[in-house]
Amino acid sequence: MAIKRIAVLTTGGDAPGMNAAIRAVVRYATNKNIEVMGVFRGWWGLINEEMKLFNHRSVAGIINQGGTILKTQRCHEFDTEEGLMRAYENVKKHGIEGLVVIGGDGSFRAALRFYKKFGVNAIGIPASIDNDINGVYTTIGSDTAINTALAAIDNIRDTATSMERIFVVEVMGRHSGFIALQVALAAGCEDVIIPEKKYDLNEICHSIVNGNLRGKISWIIVVAEGAGHAPDIARQITEITTLETRAVVLGHIQRGGRPTAFSRTLALRLGEAAVECLIKGETAKVVSSRDGQIILVPLETATEKKEYKEYKADEIYNLIKSLT
Amino acid sequence: MAIKRIAVLTTGGDAPGMNAAIRAVVRYATNKNIEVMGVFRGWWGLINEEMKLFNHRSVAGIINQGGTILKTQRCHEFDTEEGLMRAYENVKKHGIEGLVVIGGDGSFRAALRFYKKFGVNAIGIPASIDNDINGVYTTIGSDTAINTALAAIDNIRDTATSMERIFVVEVMGRHSGFIALQVALAAGCEDVIIPEKKYDLNEICHSIVNGNLRGKISWIIVVAEGAGHAPDIARQITEITTLETRAVVLGHIQRGGRPTAFSRTLALRLGEAAVECLIKGETAKVVSSRDGQIILVPLETATEKKEYKEYKADEIYNLIKSLT
Amino acid sequence: MAIKRIAVLTTGGDAPGMNAAIRAVVRYATNKNIEVMGVFRGWWGLINEEMKLFNHRSVAGIINQGGTILKTQRCHEFDTEEGLMRAYENVKKHGIEGLVVIGGDGSFRAALRFYKKFGVNAIGIPASIDNDINGVYTTIGSDTAINTALAAIDNIRDTATSMERIFVVEVMGRHSGFIALQVALAAGCEDVIIPEKKYDLNEICHSIVNGNLRGKISWIIVVAEGAGHAPDIARQITEITTLETRAVVLGHIQRGGRPTAFSRTLALRLGEAAVECLIKGETAKVVSSRDGQIILVPLETATEKKEYKEYKADEIYNLIKSLT
Amino acid sequence: MAIKRIAVLTTGGDAPGMNAAIRAVVRYATNKNIEVMGVFRGWWGLINEEMKLFNHRSVAGIINQGGTILKTQRCHEFDTEEGLMRAYENVKKHGIEGLVVIGGDGSFRAALRFYKKFGVNAIGIPASIDNDINGVYTTIGSDTAINTALAAIDNIRDTATSMERIFVVEVMGRHSGFIALQVALAAGCEDVIIPEKKYDLNEICHSIVNGNLRGKISWIIVVAEGAGHAPDIARQITEITTLETRAVVLGHIQRGGRPTAFSRTLALRLGEAAVECLIKGETAKVVSSRDGQIILVPLETATEKKEYKEYKADEIYNLIKSLT
């Protein structure tokens, strides 16, 4: 029997392209005669019944906006039996037959718990600037965040070159150096420090001092936040080399901004795919895209710790060093 | 026996990321103790001996620059027996054992002719904003060009919405609507006209007039240059609907600019791969990357007319229409 | 006696910063306990009573958006006695005691007519990408438009340099070369063609050919739309020099986009000033800023043909030529 | 008697537009048949004779590049008698009749010392992202830096709004809140902390909590680096309000990047003016532009502590609060 009403929500950290995904879910479903409730502030809105029926116009003009018009919020109440129950009652009350959950692994973990407890179906759309969702090749927002970090480092390069300074730039990446490696490669950085790989600061300093003797004085080292804190590393480099070293922590500027073409088209295609999943009766899946193909990943898989087997940290690291 | 000296050149239209590719070829080879001659103005420079030995420093500071420091030029002389012969003499004279040719299908056709005639090995690196090279999933520069066109249409959308106007925007794409579809999807455009698909302007106008009656008055239609000329289409729409319609031809602004992260990392990886091909004795290949894997495409294949079998024009077109 | 309710509207072509001006008018007035009606689609909305009471939240999140949330529209009805009368009736009906009119000289002409006929006070805020309002040093939006055109020419420069081509780039400016000169200077262009100055294409071509002989082959000529059409000029240059010459018409991409800091702060300050004018009983003025000071210009003056006495076309032109 | 040879150098922190100024100095002088020596690494290069004759081509393609091709460096040796003497000997040896010094107040202080000691004439071009030079209305680079900071805060706003968070963003400005006020105003920030004005964190927190009760939960507070450190202030806000508060320190990303149109045209005009000063025999001046007019400021004046009398901190501060 045809599905009549679904709900869409965003949870976890915002990522550029979330709005494009919301637009796709609302418009694609509406055009298939499925009603869409927009739930505000993630799980909190489901518990507190903060939601409303969206139509075609509700999502006009948002495709190129960062952040999420549905807002997002942490919600500890959803970790409790009572919270889940209240959410379930609202789901029943509003006749919601399936959820589209746009967010990261934490979001999917909550969705899975909800599904297991009350059988409320949920399809996840992976959106996270960290690209840290298991089984998912690329998340919505990561291409944008990489380009934002890259533009920042391009700026820093102007000063590094002009003033012949050493810079340590901290980028996102709590558990993996995936982003740091991409950014360091694209920005032509001299070195990169990532969680997956032991690093020897003495060796790095040795290279710097050697470069210095050969006349190469500016140096940019990218560090993934999970591998170290830029100001600490900068201080150590100064201690070892006696060369002035500056630290920049890019932080939250990497999270917002206009989504790139890639982040948008990915979001739109996954939005379509998520609605299609609900129509076809798929349960508890995350939609992903690889090589132009839609791939369904079980929520179970997507909530496990990401294995970075595909991303070949060593290859990229070696390439960075080969091009320095 | 180990290779000792290679040459690198750019030919055809410039594309953002060419400089990153040059940087990778020069540095990767140099670090492997292979000398690299930089040839200026493409085949013309090979014929006229306009080239010089590059070193590590020759390619400093270019990774984020559009265009090509080697310059590029059409060269009809390379179509002649005499031109090929002169080029060959310079190759011999300078002890060049292999060429890295950065460019499009025309560049590869010339490289193939040269290879067949004199056995001068050439490895092609696909760089073209049009993404129109057969057997190659994505070319260097196309991600940048798509994002540039997207930013332009985001700007136009401000006016289209504010003044409630119809716009026809012409983007690159002589033989295929690949780029037009990507841009139209990402920009949330209402319609798209591409060479692969017949279009009925009356039908488009019918949608516009219908939308108008429902209160939807702004409209952006993307047209691939190979499918029609924006000013002509705008004029016809005005004639049919009597509604004021404006045309914008994006033209050459799509060709330049800072390469995106994707265009840069692709360029760097293909630069490395091209040198590796020469080291390993591969002949007459184009290096390509798909899904993180390097793929070698015979020059023969890459010079054929691109088959767009993979890009699923209908799917994207339908998605655009589903989200309007 | 204190003013209680005003209305704000945007008319004429949209310009980046209009939304920031709307925000300032609404918030500044509201904080002074003055109600603000937002009128949609300019004069048309006043005639057709399409307006609503705005509050603090109505203008949230628009400060960095191009275009105008109030929309804008040509309205021939406002040229008629009947149109003016209907507008006046709505002004009375809604207790509107003053208008803030955000737009260009055409908008101010209409406001002046309305004021003279029915005594409805209007304060103008000059917003126009062309910077073509008499007595006004800088209009909201022109700094943004100049930067947008500049970024486009930076892109074109990549190709002009790489392919050693001649480009003719058409920028806005129907009546004056002010913008063209700013852009040509900032982009390092080789020549500029403006309405205020006769040009001799033979002389330009002579410089090109001479440059060519000295090895300078790339060339960018900026033309103000009021002085000529880029494709025509490009064709003539090719005829005279036999050198391949390309034309780009920037067109509507110059109109939208995120306003620059300057366009925003100007808009915010003028929004405040306009409300202050209404509070203080100023009538029929345009607010302007020069050198950090607010200046009031009579609507009469602002609707006259702009005299470009201050902008010293010759000086800038000569500087461009001195730096080539 | 006509001047025959001058030198140009950049010192102090780099600023976007320095390269445009170098271009203007070199080309304008060369076109007037004055030779220009480019001195590398500021005063260090003058002492160590690291300089070379520049020509027209030496400055090609740099107009839109951040940083400085002449590089810049601190030079304690120039604080010594011996350093000054060595520099003077090089000035004599190379027949340099005047210096163009592009930099900030520290640079001008050194130039003045050199002038007083040895009578070497110097004309200063004010370039500093901080806009902190006395007697100078606007410095080269500050418009660019403001726009860079603004874009960063626009990004942060996406997250602040989506996650309903409080952010404290630290921008440049060691001695003045000029930049912080411009950025806070243009970005629509809720509050701003500057060195010139006492602030009461309890009051700010009171506003936040009050806003919170009314439903306004996101909040961005800009702090000038001279008035406090963002992480400290964020911590205090969390302590007082118990609301999660994030800090971002923009740091060095504000220093580089492509110069805006304004920064470029200012640089080009001041470059021309500096050369004109040397031609006309002006001594020990800084060139400045206000309202389209070139103004000469004595080096003495420009090295004093900036009086911010013109910038009306209170007015802008009040406007920010009026628009919140």
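As written, the chains take the letters A, B, C and D, and residue 1 is the first residue of each chain.
Just so it is clear, contacts are C-beta pairs under 8 Å (C-beta built on N, C-alpha and C of every residue); 3 or more make two chains touch, one makes a residue touch a chain.
Fair warning: this is a prediction, and the values are worked out from it, not measured in the lab.
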Shortest path length from subunit A to subunit C (each step joins two touching chains): 2
Whole-Å gap separating subunit A and subunit B, where each centre is the average of the chain's CA atoms: 29
Whole-Å separation of chain centres (CA-atom averages), subunit B against subunit D: 39
Chain centre separation (subunit A, subunit D; CA means) in Å: 35
Per-residue multi-chain contacts in subunit D, two or more chains: 154, 157, 161
Interchain contacts, given as pairs of chains that touch: A-B, A-D, B-C, C-D
Of all residues in subunit D, those that touch subunit A in their complex: 10, 13-14, 16, 18, 41, 65-68, 71-73, 148, 151-152, 154-159, 161-164, 167, 246-257
Touching residues (chain side subunit B, partner subunit A) in the complex: 23-24, 27-28, 31, 61, 63-64, 143, 146-147, 150, 154, 157, 161, 182-183, 185-188, 258, 260-262, 264-265, 268-269, 272, 290-292, 310-312, 319, 322-324
